[in-house]
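The two complexes that follow have chain A in common; it is paired with chain B in the first and with chain C in the second.
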Partner chain A sequence: MNCEELLQRTSFIELSARERARALLDAGSMRELIGPFERMVSPWLARQGVVTQADDGVVVAKGRIDREPAVVLAIEGAYQGGSMGEVGGAKIAGALELAAEDNRRGIPTRAVIVFETGGVRLQEANLGLAAIAEIHAAIVDLRRYQAVVGITAGTVGCFGGMSIAAGLCSHMIVTQEARLGLNGPAVIEQEAGIAEYDSRDRPFIWSFTGGEQRYRSKLADAYVDDDAHAIRETIRAALRAGAPARHRSDRHEDFLACLAAVDPTQQARPDAVRALYKEGL
Partner chain B sequence: MEKISLEFPAAAPARGRAAVGVVGSGDLEVLLEPNTAGSTTVSITTSVNGMARVWEAVLARVLGASPLPATKIEINDFGATPGVVRMRVEQAFEELNATGGK
Partner chain C sequence: MTSTKEQSRGAAWLAALTAEGRPADGYPQTVRVVDGSLAGEPARYITVVPDAENPFPRVRNGEVGLIEGWTLARAVRETIAADAERATKRPIVAVIDVTSQAYGRREEAYGIHQALAGAAAAYADARLAGHPVIGLIVGKAMSGALLAHGYQANRLIALDDAGVMVHAMGKAAAARVTLRTVEELEALAATIPPMAYDINSFATLGLLWRLLHVERADAPTATDVDRVETCLVEALADIRADRRRDLSGRLKQSARRTSKEVRERLRAEWQEG
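Here is the complex of A and B:
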């Protein structure tokens, strides 16, 4: 992206979850479900002295994409790190389940998930984990009928149980600013030590879990600029292409074979990771 | 965490509603809904304790300057500075005007 393009484009990253949902749906088609005025807030955070947000950080937006019925589920990364609690998790899982139900009744509803999340909300513990498991099951159900498209644009990225949800998507889209990984950098540093993994070394972190690395390692299907128009077009193309014959998660044996080939005596390097997956997948 | 309730004089009831902002670091969420004519009520939940007088002063500047539509305002704050508070509240009223509160 040159200077002129940078000035002309609309950044997707800078949009709020609600604005992102609106940007992805056909103009004028968005209708929000369980919006902020329903005040379905987390019942657990206030008891722990944490201020709640009226939509629990999840936007459920019905509308159309390419004139076909669609639902966009956008997580607000700025609220509690986009963490998944009982309410926000249930909003996503419920919407995906209803989309699958639509398809069984002949309505071709598609789903797009905008991941901006550190994973489970620690204050809600098992309820958040249970909600994430329901999201996993609902994605697997829905993708039998329609492609389920995920995107993580940054700057939070997508971690924890929700990175598994990203792995279950039919198509996963990333930007350079995004990160995708099971464990977040701070957690790895805490467990493995700062000599192994320095969570404040940003170039190092992005070289392993950044969007470009994940795309080149075949853990994401598309790599796009932070441009709302380009992202919208990439999502439309992914939805048009439909679900792949074999989902990434159906190829777990191929991935495991790649991991079996890792030599743990050698310090892992980003280019070695790329080469490993390139050969094995 | 602290809850603060305030009331200000207002004009006719607002038409429609608006939601802006996010409960993120240094930011706040503002929800506007119509209230009965003549009065605007504000209920604030903030992560920062002991700032009730500052809230009253900031909101008096925005809501007391000229008669605004009567609204029920809910504010969920995560440590926003007075400047950010003022901009978010004004943004919410602007949105109300721009969309008719749709």
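Here is the complex of A and C:
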């Protein structure tokens, strides 16, 4: 992106979850379900001295994409790190379940998930984990009928059980600012030590889990600039392409064959990962 | 390092429920698969076991790592393929005793999230294809490891034992992420059931189909095995009698009323008025 383009573009990263949903849907088509005025808040946070948010950090937006029925599920990274609690998790799972039900009745509702999340909200621990399992179940169901498209733009990225949800999506889109990985850096450092993973070394972390690395090693399908227009077009193209013949999550033979060639006595390097998966996937 | 003395709970229950059935060939040390029977019909039993010599240093204590995630996917998808032409799909029993997902640089580098997605998708597809999937929690059921191995089951059964726990993150890391001390975390867990680690608190959340008392959760007695087998048979019958192949069975208990209310509101608002 040159200077002129940078001035012209609309940053996607700087948009709130609600604005992101609106930017992805056809103009004027967005209708929010269980919006903030319903005040469906977390029943667990207030008693722990944590401020609740009127939408629990998840926006469920129905509307159209390319004039076809669609639902966008956008997680607000600015609220509690985009963490999944009981209410927010149920909003995502429930909406995906209804989208699958639509498809069974001949209505081709598609889903886009905007991941900006650290994973389970630890203040609701086991209920967040349970909701994430239900999100997984719903994605696997829906993707039998329609492509489920995921994007993580940053700055939070996509971690924990929700990174598994990203791994279930038919198409996964990333930006340079995003990261996609199971375990957050601080947690790995806590569990495995600083020699294994230095949570303060940002270039190191991005070199393994950053959007560009994930795209170059075929763990993401598209790598886009932080440009709302470009992201919207990439998502449309992914929806038009439909679900792949075989989802990435279903390629255990290919991944096991690749991993058989890894020497686990050596520490991993980003370039080795790229080379291995470029060849084997 | 698979001496019977140090046998993990997962390995002990897998052996007990399959009458010491021989593990299928061609699997890594960490994923044990036995084709046994349940209620007189063929059934596949799967568990993850520790391997102190594992070449991947971060999966030596029963964690689910890269190889484990993709191998669970393989074990489940083989069963789906084997029964593709059959009207009656064989049950799959996930015997759950998983310390956690593997925390390591190698794991993140090679995409452990994708490996766990592989396992979760395989179990979910098996369930959708009509395989009765039962998750039997006999030890730890932690976080991403549980999401990969068991949380997609039609029915979840847990042993009522102090060594059985379900949680999203270990205490030290959870304290660090939430900016609390471990003591503060434990004090909160005592009054907020979803934050607790013990199985009795978990049972109040409405996610378990049954909580079973046994005498020896780490080395099951004949009575224990009988009790668990009977429960598995009941779960199988309950799944077969249920026309739904999704996880809606987990929304029936009153503790799930908030999750249910969210779904009811979504449904009411879904169609344009």
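Here are some notes:
Heads up, the rule we're going with is that the second predicted complex is superposed on the first by the 281 of 281 C-alpha atoms of A that agree within 3 Å, B and C clash if a C-alpha of one lies under 4 Å from a C-alpha of the other, contacts with A are read in each partner's own complex, and residues count from 1 in each chain.
Here is the rule we go by: contacts are C-beta pairs under 8 Å (C-beta built on N, C-alpha and C of every residue); 3 or more make two chains touch, one makes a residue touch a chain.
Predicted model only: the values in this text are computed from it and were never measured.
When both complexes are superposed on chain A, chain B and chain C sit side by side without a clash.
Once the two complexes are overlaid on the shared chain, A:Arg104 sits clear of chain B and of chain C alike. Look at A:Glu76: by the touch rule set out above, it reaches chain B but stays clear of chain C. In the superposed pair of complexes, A:Phe255 makes contact with chain C only, with no contact to chain B. Ranking chain B and chain C by residues of chain A touched puts C first. In the superposition on chain A, contact is made by A:Ile164 with chain C only, not with chain B.
On the chain A superposition, the C-alpha centres give an angle at chain A of 110° between chain B and chain C, rounded to a multiple of 10. Contact with chain B, but none with chain C, is seen for A:Phe37 once the two complexes are overlaid on the shared chain. Of the two partner chains placed by superposition, only chain B is touched by A:Ala46; chain C is not. Of the two partner chains placed by the overlay, only chain B lies in contact with A:Ala54; chain C stays clear of it.
When the two complexes are overlaid on their common chain A, residue A:His229 makes contact with neither chain B nor chain C.
Contacts of A:Arg202 after superposition: neither chain B nor chain C is touched.
The gap separating chain B from chain C in the superposed three-chain model is 14 Å, by closest C-alpha atoms. Residue ranges on chain A touching chain B, taken from their complex, read 16-17, 35-37, 46, 49-54, 76, 78-80. For chain B in complex with chain A, the touching residues are 1, 17, 19, 22-25, 27, 29, 31, 33, 45-47, 74, 76-78.
Interface of chain A with chain C (complex): residues 31, 33-34, 38, 40, 43-44, 47-48, 60, 62, 86-87, 89-91, 94-95, 97-98, 118-120, 122-134, 136-137, 140-141, 144, 160-161, 163-168, 180-184, 186-188, 190-192, 196-197, 208-209, 214, 217, 219, 247-253, 255-256, 258-259, 262, 264-265, 267-270, 273, 276.
On chain C, the positions that touch chain A within their shared complex are 55-58, 66-67, 70-71, 73-74, 77, 100-101, 103-118, 120-122, 124-125, 127-128, 143-144, 146-148, 151-152, 166-170, 172-174, 176-178, 188, 191-196, 202, 205, 207, 246-247, 250, 258-259, 261-263, 265-267, 269-270, 272.
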